[in-house]
Every structure is written in C-alpha cells, then in structure tokens.
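Structures follow.
What follows is chain A paired twice: with chain B in the first complex and chain C in the second.
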Partner chain A sequence: MTAAHGRPARAMAAPGVRAALVALLAGALCLALAPRFAWLGQWPDAWTLPLTQWAGTAVTWLLEAIKPLAREFSALMRHPMDWANLALHATPWPITIGVTAALGWYLGGFAMAALGAVGLGFVVASGYWTESMNTLALVAVSVPLALVVGGAIGILANEMPRLKPPVQALLDVMQTVPTFAYLTPLMLLFGFGPVVGLIASAIYAAPPMARNVLLALERVDPEIREAAVMSGATRAQQLFQVEIPSGASQIMVGVNQCLMAALSMVIIAAVIGGFNDIGWEVLLTMRKAQFGQSLLAGLVIVVFAVVIDRYSGTLAGERRRHDRRVVYLLLALSVVLTALFWSSLADAATFHVLTPVAEAVDRSLTAFTIANGATLDAIKNNAMFFGLLPLRIGLDQAVLPFTWGFAWTGTMSWALFAVAAVLCLLLIWRGRPAAGLMAMIAAGMLETGIADLPWPFVLIGTAALGWVAAGWRLALLSLVLLSSILLSGLFGRALMSLYLSGAAVFACALVGGAVGWLAAVSPLAWRLVRPLCDMLQTIPLFVFLIPVLMFFQIGEFSAFLAICAYAVVPMIRYTRHGLVSTPPDLIEAAAASGATDAQIMRDIRVPYAAPTILLGLNQTILYAFAMLVIAALIGTTGLGQSIYLALGQADVGLGVSAGAAMAILALLADRIVQGFAAERRRALGL
Partner chain B sequence: MSRATPPVIACQNVWQVFGPNAKAALADALARSGGDPQAAAGLLGAAGLIPAVQDATFEVGEGELFVIMGLSGSGKSTLVRCIAQLLEGTSGEISIEGENVVGAGKQRLTRLRREKMGMVFQHFGLFPHMTVAENVAYPLRVQGVDRKRRRARAQEVITLVGLQGREGAYPRELSGGQRQRVGIARSLAVNPGIWFLDEPFSALDPLIRRQLQDEFLNIQGKLRKSIIFITHDIAEALKLADRIAIMRDGRIVQIGTPTDIVLRPVDDYVREFSRDVPKGRHARVASVMQPTDRCRPGPDDPGLRQGMTLDVALARCMDLYEPVPVWDDRGACVGAVNPADLAAALQVEDT
Partner chain C sequence: MRKAYPGLAAAAVAAFAGGASAAELGASGEPIKLAINEWTGQHVTTRVAGEMLKAAGYEVEYVTAGMMNQFQAIADGDIHATLEIWSSNVSDEYAKKVAEGTVVELGDLGLDAKEGIAYPAHVADLCPGLPDWKALKDCAQVFATADTIPLGRLVDYPADWGTPGADRMAGFDLPFKAVPAGSEGALIAELRASSERKSPLLITFWQPHWAMSAYDVKFVDLPVGNEECFNDPAWGVNPDATHDCDFAPSRIFKGGWAGLEEKWPAAYQILTNYQLSVEDQQPMMGAIDVDGGSVEDVVAAWMSQNEDKWRPVVDAATK
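What follows is the complex of A and B.
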C-alpha cells in the first residue's frame, strides 16, 4: 500500500501489486476455462467429504458422554433459577420499582432513579411484567455465572502467560461462533427449557468479562505492581489487594458488557421456546404479523437494555456520592404504598394500558403499508434489482428485461471489461498499479456475482489478501480453513453469507464513514448522532428485526437493512474517533504550512485516522456476521439459514459445521483487516 | 567514606540481558569473547539481544548514599531492579548484608522486602484506590500488623515527610510533590535498612525537586539508611551522593566521589557531563590538598578545612601565595594547599 505512491518500477514489485496480479490471473483463468471445465465454477458434490455427518456423529458422541453430568448440572441450576423466579414474581411490582429507583439513586442520583422508575413503569403499563420477570430471572442467574467464569479465566490467563494465546483464541471462538450454532448442542445436552438459555447466555457473556479482566490486569501501571512487590506482598495479596482494585474501572466495563451480552443472548435463546419470556413474545407477535404488539414487546426489551446499560455504566466511571437518605426514603415509600394499597393492588400482568396504543399502531401501520405499498415495494425492488441482485448473481444474470428493461449480452460484458481495462491502465500510468488491478478484479466480480464466484479464485484471492495483510502464515491459514468449508460442501452457502454481509459491510462503510466524517467536522452533527449510536448499540440484536419487517416483509432486503442498522455504529464511532484524535500539533503544523481545511483533512487527518477506521471496519464486519445469523429468522439464505434450520431439526452436525464455517469467515475477515490496520499503524510509527 | 564497614549491598559481575535464551546466549558470548565484557555485549547486541546491564560490580557501605547516574536507556533502572530482585538477573552475584540473594526463593524474597528493603518510584506507584494512610500502611498490612499499630506507624512516617493532615486524601487529590512524599513515607513504613530510590524527583517541578532533595538529605541525616539512588541529573547526583556510579549503554564507566567525577573524569563521556557543573561548588579542599610537614599557622591563616568546597576555600585565601595549612575537625593539621592549585582546579577545560 505504501509503495503505491512510489515510482512505478518500485511500485510494480510491491506485495500488494503482486498479490492483486496473482488474484487477477486466477480469476481470469477461471472465467476463461469455466465453460470447458464445470468443476472450476462450482465445487462438484462428488468431491465433498461427509464432514457434516462426521461432525454430527463426533459431537453427538461427545454430548452423549457428558450428558449425565450436564443433566446433573441442569438440575442443580434449577434451584437458583427457581429462587430468582420466586423472588422476582413474588415481590409486588411497586416494591420492585422502588428498589430499582433506589438503586438508580445510589448509583447515579436523580437521573438514574428517574430512568429506572419510568422504565419499569412503562413495563408495568405494557402488560408484559410476567414475561419480563422471566427474562430478568434468567439474566440474574446467568450473569453471576458468567462473571465468575469470565473473571477466573481472565485471572488465570494473567497468572500464566503461557495460557494467554490459547485463552485469547478460545475467547475469539466463543464470540465468533454464531449464537444460534451452540444452541443446538446445548439443547441436546440440557433438553428443552430455560437452562439452555441460561448456559448459552453465560457462554456468550463470559468472554467480555474475561477480556476486560485480563486487560485491566495487563494495564496496571508497572510501578504500582512493583510497589506492591516491594511492600512485601505475596502474589495473592498483590492480585487481590492491589492489581484488581486498581483496575476496577476496566473490570466494571467488563461487567457492563457482560450484562448486555447476557440480556441479548437470553432474548435470542427465546427461539427454542419453552419459557414464556419477553423474547418469545416478540417472536410470537412477529410471526402473527402483530407489529404493534411486537413493537411494544421490543420496546420493553429496549427499556431493560437501557436501564441495565446505564446503571452498570456508572460503575465504570468515577462515582459521586449521593445522599443515602434518599435511598431509604424511596424504599420506604414503595413499601408503604404497597401496604396501603395491598387489597386493591392489581396484578401487573393484568395491565393493558398500552394495548390500545399497540393496536392503533398496528392499524395505522397496516393503513400506511397499504397506502404506500407501491412506494415501499419500489424501494425494495430497486435496491434488489440494481444493488443486491447484481452483487449476488452478477450482471450477466441479474440484468434481465424484467429487472433492468433489457438483457445483458456478451458485448456488454466485453464493454465492461474494456472500461475496467482502461481504468486499470490509467491507474497504472498514475503510479497506482495495485488500485488498477483491483479495478479489474472488481469488474470481474461484478460480472460473475459473489455467489457464483469460482472457488479457486476465492481461495487464491483470500490467500493473496491475507499474505499482503499479515504474511504467508495468514495466507496458509485462509487456504486451509476455506478448503475445509469447500470439502464440507457448505461453500455455496458460505458465498451467499459472504455476499449479504459483504453488501451490508460495504453499505455501512460508505454510510458510516460519511456520517462519522460529518460528526468529526461538525460538533452539532455528533450531538445528534451520538445518542442514536448509543441507542443502536444498546438494543439487543433481535429487536432490529421488528421495524424492517414492518415495512419490507420477510426477505433478503429486510435482512440487509437489519444488518446495516446494527453494524453501522462501529464504523461511525471509529471514523469519528480516528478523525478527531489527530494530534493537534500535526494540524497546527499543517495549518502553519498553509494547508486549507480540506487539504488538512485529506493529507493529515484521514491518513492518521486510517488504522482506527480500519479497526472500525473490522468491528462492522464482525457485527454484520453476528446479525446475519439472527437475520436468518426473517429469511436469508446461506449459512445463517442452515444454522437456524439445524436448530429446528436438532441437527447437531449441520449446526456445528455451519457455525464453524461462519466462524471461519468471521475469523479470516477479522485477521485480514487487523493485519492491514497493524500495517498502517507501523507505517505511521504508532 | 565508610570503607571500613562491611558492604551492605555488593554486586559482582551483574548482567541483565533481555531476549530469548538470554542465559545461554550470555555464557556463549562471554566464552567467545574470552571474558571481555564489552566484546561480549557487542556479540549479544549483534545477535539481537539487549544487554541492558553489563558486568556491573560495586559495593554500597553501611549508611552510604550511592547514586547511579546515567541517561535514559543506560540501564540504571534495570540495575536497581536487579538488585531489588524485581528482575531476575541473567548472571552475576548480588548479596544483601552478606547473604547472596540471586536465586533466592519467593518466600525469602518476600521476607527480605518486608524486613530490609524500601523502594520509591519515579511515578510514585501509589495505589489509586487507597488513601494516603492506607498506602503508607500497606507494607505493614501485608505482614498482618494489626490496624491500630499500623495506623500509629503510618502516622509517624507521614509526619516525618510533612504530610500530616492529608491522611484521608486519595492520591488523585494530591500534587506531584505530595504524592512523592507519600511514596517516600510508604517506603519507610517498615523502617528498612536499605532504601532504593528510582529517579524519585525526576517527575517534579524544579522548585519542588530542590525542596524535596533538601528534605531527603535531612531525613537521611537522621536515619542513615544504605541507599541506592537513581538519577539522570548530574547536579542532583553531585548534591546528594557520597559516591556516584556513572552508567553508559549498560556499562558502569566510573565510580567515584563527586569530587572525583568533577575533577578526575575517566573519559570524555564523563567529562561531558561535568562540563557545565560549577566545580567550585562540588569539589572539596581534600581533593587538591598535599601532605606537608610545615604546619605553622601564619598570622593570617584562613582556617581551611578538608570538607570545604573549593569556592569557599579560594574566597578565603584570594590574596595568599604561600601554601596554606588545612585542618581537620579536631584542629589537627592534615596537609597544605597551594592557592595556585585551588585556582587551577577551578579552570574550565576548553576541550
């Protein structure tokens, strides 16, 4: 990349150029030979190994082996779950609200107390109190489990440096394997019921805790560590009296993330059903197309997410002391009110204050979609015909009289390639051969469509990209991992997933980059965008499906929108952060050299922000993959759908292999982008 | 000074090499270079290892204030961490009060730190979640001293460093100078005999620095600890030290009294350091004194003493040309000084 600005002779030898050349050659060869050798275009079924079945057999055998133990554990976990259920259901709702408000006051004063009271008030009014308490009971049991397990993993990895790499890898896997994928084996292990949701959410929520504990311990100032040693503290004293307390705020960030992950997963786990919680309610109403109710239930989830997030967020910041007396006052007030109105206290489940609202929303929505159906359809169809379809199956198949008004011909293909070739030559002439070759490759991919890309091109192209990003190790890794997908016969679905998430990531990069840039140059824009970003990041994945479903029904476009809505946030945040954190002396030096604002942006701020923006892109990719699986609920093809189907049929083999394939894609994308970000950081000497 | 008392700290050929398989690489490099440390360090560097401390040998006597001075990256902080056993030295012997501590077990090291050592850090190393009093009392807390007794002892040292009244404050509420007072108090809490100070005043403003230096000398005057004091500031080294070791690129290039360093630098590197130092303020009469047998005080005897700085001595015998006798504290004549030598010693070299 750096060499792209150098002289042509040197630039031609740069790794980027060589890699692009190799990929281009591979693609061209495939394109030229595909008509003659069909196996080049599509991996023949006869060549696949029954990896899926093998995985199924192996995992099932393993699961059967530990099943008795798991059932034992499941029986054990029933107790705390029953206690949590009992405590949350038996407590009269005014007292629950009072305790929440008192806790809010204790943590963050009036604002937090009001947030808690209003939020829970809304839950009571919605009539979803019982379901909410079921969800909350699950969270209440899974979070301590995740905190203890995650904290222990973090401390262990810190104490034994040799364990760090495998632990990091394990955490990566735990977080990249899509959530639905491990629901299937868990179901086999623990049977139907809430314990599966509990375990799944603990598995999902432990890694952020482990990561943050490890990070907190690694970041302890070495002098503080040495001061503890020189004070004559034993290792245990150093750890528990000095290192952990002094890293408390980082650990609290972990607690916050752990809570949010647990909540998100408990709601996702609703798809297996069986425990009448709020996630199930959303799913049910969504299936019945009662979007008003569905939205209401979704809002209840959002309320919980926001309250839990803001409450635990105050733990990480520096806390001011708030008057304790208010805490007791709030508690006393709720008890007194409950006692006074004991006889007339209505069961929270019987409240339906908001039901008419939900029904009204439903009616007006129906009216709106009927009235504007044509417009919505037009938006959807245009996006499909001119954006998504060509990306998926290529211009040669997507351009039809029905879609574009004319048919794609061979001449047009040649014209496309000719334009790309001219652009390529122009770029090479301007001293940017890598960009030129990339233009050629892009033209080829547009012509073929991502879902129909020949497998040798995908393998070689990814390996080349990995080689440029992080050297031959990554190239080899990507070859091996992609080959395993190929052999398992899931390659076609993997390409489908790649296409949809790729399209979403591309859109997020454009939109998120632009919004992030705007937020960087205009404080006003940031003040508007920031709460939106906060909100989008707090909302559990599941809830994103409701609004897109309301307007665009089931289908790929809805999935695309849901993925974009969820994955765009990191792109915005990181772009802005990268752009605003340019060291002021650099900007002053540029300004003193006579650069205009635009020149400073182009020559100083953007290059300086590049590594940060790349990290944002990395996060966006991971978010997109995570959402892709959830989006399978509203109709996508590809791996996400396979995982979802496997869950329905309790097909462990398919679930595990499709989950692994998904994790492989996420892992490779992550490593490649991280590699580029590291390369940029090194180039800037950061 | 105090050469008669046995050394409290003794380092013998201490090496600290960073890199993979440092021990074997060092042994190999020493074997290949025939035991020449500089050549061995060159070989290690060429192999991609970092010889941060090379062949350091010195002793610190009882009650001595030993300063290690060098620029950043010269290995001085690494050396003191080797001695304090915060780092495991790659090779060499380190003994504390006569017992070898290299390879000592965890428990013994912990005991050693609880009983004999205190350390002050450049950036203070205060525990952010503890108050001043809790910070200072921490070395006692880990030993299981009961709350009342450690409160009382903490109060003593807090008073010693002049922080009474701030016991309940948190480190973030203190100024830099106050924070380092806490650091000093904490390192003295167990009343250790050996005191390590790693650039304790480098992070402070010049005015605060001078104030703390004076107070530090004051405290040392009362407590007489055996001290290893790290600094990169030659003026600080000359002001505080009984003896100074100058380090460069991991090597100790000279060990000597402040006067030695100023008047008799071993090489250009050391000379470069002392070039801007006003010699008259640091060199003592003893350094230019010569033995004599003519000890009759003249009528205008200026009363020179061994410990006087050259500046003071010269001011007293500006108008004298004959050798002047020098007296010790008991009033006995110990030698004579030629005023011309005094003036010559103060000449700033032009090289």
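What follows is the complex of A and C.
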C-alpha cells in the first residue's frame, strides 16, 4: 500500500525522496478527505477486536501452566536472599563500614576507602540502616543474576550472528514493557514477597549488560582477534582470555548501567511490598508529599549506587597495588571499636541525625514555591501554550484568544502551508528534495497535532520511514505491529504516549548531547555532571514528582519534565563516552596534519563517536517509554494510565496489551534509529 | 488536633463484643501476618488489631504490602488479614478472590468515611459563595489552568479509583474538566502547593485523612442523594443527568485469608468484631503525621489509656 511499486520510473529519485513523497501524499489525502469520512480521522470502535480479552485469557492460561515451576524457583531464590539478609543484619554496623572501607582501600586506595566510609556513614546517620540492608540484600541477589543473564545473552548473540535480530527484539521487550504491566502476572507466578521484586529488577537490568557485552565484542580489534586465532586458542579461550578482556572498558559501562537499572527498580519491589526496604520508605513519604524526607530516603539509594559504581569502576582500569596492611588495619580497627563499645553500641535504626536537615529542605521547598509561584506558572503556561499543546492537538485547536491572543483561522492554515511549500521548493532547488518534502509533512503535523493524526498517515508514514531506514522488512513489521494496536482499540492512547515521549526524547537529545559534549571536552564539567547523572538514574523518581508537582501541578508539563529528568542521562553518558574514546593515534595524526581542535572534533571525534551516540539516543528513547508509567502517577492519559488501571482492576489482559503497545512503539522507534545508525556507520566506513 | 469522643466508640465496640462467645486459640505458636499498607491510618488500625491479638496470646508479624497487590498474597495465605479496605478504591482483585473463596470479608471496621468535592479554606475567598456548589457555576475561570482552559480544573482521584469527581461535574453540569491525579502523593502535593501559594484548587478528597486538618480542607455542600440519583437522570437538580448529588458513603471493611477461622478461631473472632472509630483513629494519625510520633508509641499509649474499648473484644473471644 505504500511505495510498493518495485523499480520506480524515475530511477534518479533517492529512497528518502520517494518515501517522503508517499507519506506526504497519504497525509494530504487524509487531511482532504477526513471531513467527509470520519473513520479516516479516528479508528471506529466497531472495528476493534476484543484483543485485550484474548490476551488476558491466553496469559492467564499460560501462567497457570507454569505456576508450579515458578513457585519452585521462587522458593529457591529465597535462600540466597535470606543469607544475604542474615549476613547484612547480623553484622554490627561499624564492622560493615570497616569492611566496606577496607575493600575500598584494596580497590582504589584512600579515595575509595573514604568514599565507602562516608557513604555508609551517611546511611547510618539517616536512620534508614535496617531498611537499607533489606534493599542491599535484594540488589546483592538481583544484580549477579542480571549480569550473568545479560552477559550470556550478549555472548550468545555474538557467537551466533543469526540470533542478533531476535535477541535485540527480546532486549527491547525486556526494557520497554513496563514492569507495572507484568506485576500482576509475576505475583500470580512467583507468589507474594521480595522475590517478585528481585525478578522484576533482574529483567529490567539485564538488557544494558547484554547490549554492552555485544557492542564490546563486536568492536574488538580484528588484529587482536587474529593474533588469538594464530596462537592456537580455542574459541572459549579467545572469548574469555582475549576478546572480553580487550572489551573490558565497554563491558564495564554495561555493568555500571546494569547496577543503576537494578537500583532504580528497587522502588518496584516496594510497590509490591513484602519486606521493609528503603523503597517502601520512599513510597510512604511520597504519599505524604514530604519532599525532604523522601529525598533523604532516596539519597540512601543513590549513595549505594555511587559507592558500588565507583568500586566496580576501578576494576575496569589499570589498578595500582595498595598497601595490604591498611586493609587489615581497617578491618581490625572496626572489630576492636565494635568490641570496645559493644554494650553501648547504639542500634543503627535509632539515629536521626539528618531529620532536621530533611525538614529544612522541606521548608525551603515551601519557601521557594511561595516566592516563585508566578514565575513557575509563567514557565508552565508558555511551555504548554507554545510547545506541548500545539504539538498535541495542532495549531488549529491550540491557538485560541486566551492562549496566543488570537484565534486560528483557515487563512492562517493556508499561510502555514504556503510558507512550508516555499521552504520545500527552496530546499529542492538547493538539491535537498527529501528535506523539502519533510518540511511539508512537518507543517501538516503541526497543523493537525500528534494526538489527532489520522491513522492511515501514521501507518504509511512509519512504514515509509522504516523502509528508508532499514528496508522492506521493517516497513512490513511496522505495518503489522501498528495495525495490532489499532485493532486492540488502544491507538488513541498510543498517540498520546507517542506525543509525550517524542517531545521528551527531542528535548533530551538536544540537552543531553550538548551536556555530553561539554563533559567530553572539560574534565571539570564531567566531575560535576557525573554524580548528577548517577543521582538522576538511581534516585527513585517518585522523589522528584513532589517538587515537580508543587511547582507545575498535575499535568503534561510535569510529566514531560519527569520523563526528561530520567531519559537525558544515557544521552549524556554515551555522548561523552563516544567522544572521549576516540583512538589517540587518530587524533594525533589529525593534529600532526595541522587540524584545529574544532576540526578534530567535527571531522574525527564526532564521526567516530556517532555509533555510540546513536546507541545513547536509542537508550534515551527506551528510557523515555519506561518513564511514561511513572509519569502516569502525575496523571497523564496515555498508555501509562491504562497500565495503572489494569493494575487496579487486576485486568491481566489490559495490562499486557497496553504494555505490548508501549513496547511496540519503543521497538519501532528503536529499529528506525538503529537503521539510520547502521547506514551512518557504513557511510563512514566504520 | 481533634477531640476524641471515647463514649461513642466504646458503645460501638461493646455492642459487637456482646454477642460473641469464647473460641479456641488454635495454632498460637505460628505468627499471624497482618498487612501494612501505604497510609498512616491503616498503620494505626492494623497495629491496634495486632496488639489486641498479642494480648490474646498470639504472635503477630507485620508485613508491608501494596494495597492494590495484597489480595493475591492473602489468597495464598502469605498474609492472613488486611484491616482497612476502602470500598471507594478497592482493587477488583478483591471481588475475584472472594468469589473464588480464597479471601473472606471480616465485617465493617466502623470508620465513618466521607468523600466529596473539597477545597482548602482560603479558596472560599477566591470563589465567594462556597461551600454552596452553585458558586462553582460562576467561578470556573478562577480554577482554569493551561491544561483545561477555558474550563475550570478539578483534580480527581487517580484513574484506577474511579472518576467520582468527573461524574459530579457532568451531573451538575459544571464547566469543569476533571484531571486524574495519578496517585495519592499527587493529590497531597496539589493540596500543599495550593495552601502554600494561596492558589485556587478544587479537588476530590476524603476523610478521615490527616491532610483534612493539616491543610484546612472543606467540603463543597452537595444535595444529599439516594439510590435513584445514580440511576434516574430525572432525579435531582439536573433533569438530564445522573450523579447530581453528594457521594454515597464509602464503606470501610476488613478482609482475611479463607483459612483464618479454622487455624486461629479466636483471632478470627477478634478481627471480625474489631471496631475503630474516626474519633479514635484521627487523633492518632495526627500524633504521628503532624506531631512526628512513631506508630508503635502512639498506639501503645492509646491502648493503655483506652483499655475499656478493646479489652472486651479480646475477652469475649478468649474467656
């Protein structure tokens, strides 16, 4: 139904131009015919199939079938959790701090030892020691599980290239189907308790590990590979003794991301409940809108993340040997101190040193809201009126006397199209016809609004884009998958989700790219940005919902900000990582031939980093979709809300369908980006 | 803090306790697990019940559990009772499990709840005529925001609790758009921001809730309705719509594992007869959320001062 006519008559037209032309034609037709045929604008309810009910029946049947097995697994996983719990709780807290500091010294000398001691000291002072140890027990079991599973998936995909596409799809599904969507089925399967949280967090944390392992193995220098082959190593030896060590730095990015993802899922374990962990504390304080207290509880999670991250980070690089005697000294010191003060050793749960600080933070939030109420309202109104609202419902509905100061008229629509047409002709004249046609399409979308886009245009447009990015298969896949959303009757909600996450991804790409570049050129900037990234990625975002809500109230702008806060991080990280990992010999060669710093950046570092940056963009898209569900706690009306509805009504079918719809959108966006990335890589000869 | 009315609650407890006869303790060596949900009132309710069970000679374990997700655990016998279920936002899972026979209802808790369209007290200055609902007809503009313009904005319950606010706006034909809050935290954040900034806010809310007194929340007066109001459009001020009346009173009740009665007969009786009034619960909530006391201490203090309210229930089941 799209540009399906084999060889075109005009062989000179590039695929991009043909695809854009088809999409433009489809859009124009829809726009012209929509007033006459209502079914073009909105998919009629009568045409939907009871897909959600079927999904519910099928999934429930499947769950009942594998339930006994799952319960066995659940009972099995309980043991390591109990051991971890017992070990962490039975150890007096000064010894735990001593061991952590000693480990820090062993790994990275004074700086690491101090980080560990100060970090855990903060946890003791916060009064959340007991809850923290419960959380740590969960992470201690789920992260190794995720690392092993993720690593195995990555290696498997590398060993059998034919498995790569299905593995990629699986990873996307694991990362994009929101945890809340399968919470009810998971509980049914594994029973009540922390094991459900453990499994949910492992499912979410494994994909970054798998992706990075795969990327690391793919980028192993062919010369190194050949050297290993020539020295007669078996495949396993090549893999474990040569390829994995040589990709260690990339794999450590995966370990880091895996840890962060697991910790960010701690809050999900709390939603189910079953053990009194730090996430539960965050939920309780969030429910009371106590920002200071929930920030304090959230920071405990961040402290763990930072300590674990920095410790694991030292494993990637070259390590200096630090004096072993200090390790023994630290251990001995903590034991002696514990023994000396055994009788007077306070229970860690009774400390509340930081409570006044939390209250002060809360008060300053109040003061800020009162002082800046008008400014905050102005920011929100401007962003809504001139950004989000036109994007959602289009200029024809968003431009009203009380938003823009005047009403949108038919003449203005024609003027908009005329300007777009002029721009289009100009671009065609400059030899960029695809860009010109895209300008026309953009004008049409701006006029209509993303939430009101006619479904034939969305289907055809996406398929055309998929075709340009990766060929016929992707075009067909996108048609099939989007049709399934149409048939399930969730298309309207899907467009709402698309609009919100699309706006957020766009903003994140701009801001995150710029910050990542800054962090790459200035080590000082990175030192400032890095802890912020760690915090944004690991602090339960529930914590930030409170100030965002108090500043900007319930609504799309708040949701947009919440999504951006989370999704911007991979963009920053990957952009920086890509830019700083340019091989030094390339830079030296360019510098020797007289290139300026700016030229090196533009011609060497950015192109070399492009695949990594695109991986970052891909992660940003997936993160934005993941955050949609949390954003639904603010009160959005997209697929995220459906998932909460399903959770409340224990509607397995609706939950699974809405989760699947979300995964489909993310998956298509991801495939299209990856397609363009691959094309880019080919063009650069990488 | 509100003043307690001990006489009333004691009478209610006595009335229920009177008819009960003593029962076996059952497996008193095994701990009875009570669900701790996400809100303070429920913590108080559960802790009082747990201490009563302990006084009867049981071991009690408090297990944190999400309100929406707890019923699967109760059906599996991983949790044995949950003591504060609100009919206004109970998960459909509960009805399914009751139909299945794995979860049983343990009777009303005796908390008198009220839900309604509410506003922080200062809003009365911005929209003169409140609490009369007719005042809202003319000052919708005051409540308008970027998301709802030109309509006023009503912050409704999270979508999974139902849409009672939106139903009222349609029922009374008020120019308001109901925006679902997404979570209880979002509702509280709205109340807090509105009280601090003295900005307009119309919200669907309920009591008993600590925020009612903390943010001086008032209810809009809506005409008292009956069953017909929800079924017959002709009833009430608006002849074209249902729901043109006040909220139907919400029921608060207790639920438990189906095997509870057989395993711990006396505990089943205690939990079934257990009652707690708003007048008792609300001051305890205030002592915890506003004055910063711990649940353990506040409940222990209440238990020692109000032994006449709970002891008869325990004695009736065990002696």
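Structural remarks
By definition in this document, the second predicted complex is superposed on the first by the 503 of 686 C-alpha atoms of A that agree within 3 Å, B and C clash if a C-alpha of one lies under 4 Å from a C-alpha of the other, contacts with A are read in each partner's own complex, and residues count from 1 in each chain.
Everything that follows uses one rule, which is that a contact is a pair of C-beta atoms (placed from the backbone, for glycine too) under 8 Å apart; a residue touches a chain by one contact, two chains touch by 3 or more.
Just so you know, these numbers come straight off a predicted model, no measurement behind them.
Within the superposed three-chain model, A:Tyr128 lies out of touch with both chain B and chain C [touch as defined at top]. Of the two partner chains placed by superposition, only chain B is touched by A:Glu223; chain C is not. Set against each other, chain B and chain C differ in how many residues of chain A they touch, and the higher count belongs to C. Of the two partner chains placed around the shared chain by superposition, chain B is the only one that A:Gln241 touches, whereas chain C remains out of contact.
After overlaying the two complexes on the shared chain, residue contacts for A:Gly232 are found with chain B alone; chain C is out of touch.
In the superposition on chain A, A:Tyr182 makes contact with neither chain B nor chain C. Looking at the shared chain after the overlay, A:Tyr623 reaches neither chain B nor chain C. In the superposition on chain A, A:Lys380 makes contact with chain C only, not with chain B. Look at A:Phe190: by the touch rule set out above, it reaches neither chain B nor chain C. Contact residues of chain C toward chain A in the complex are 35-36, 38-40, 63-66, 68-73, 76, 78-79, 89, 91-93, 96, 145-147, 149-150, 155, 158-161, 179-186, 188-193, 196-197, 199, 210, 289. Residues 221, 223-224, 226-235, 237, 241-242, 245-246, 248 of chain A touch chain B in their complex.
Chain contact summary for the complex, chain A toward chain C: residues 183-184, 187-188, 191-193, 270-276, 280, 283-284, 286-289, 366, 369-370, 373, 380-381, 384-385, 389, 400, 402-403, 542, 545-546, 549-551, 553-557, 632-637, 641, 644-645, 647-651. Chain B meets chain A in the complex at residues 81, 84, 86, 106, 110-111, 113-114, 117-119, 121-129, 138-139, 141-143, 183, 186-187, 190, 196.
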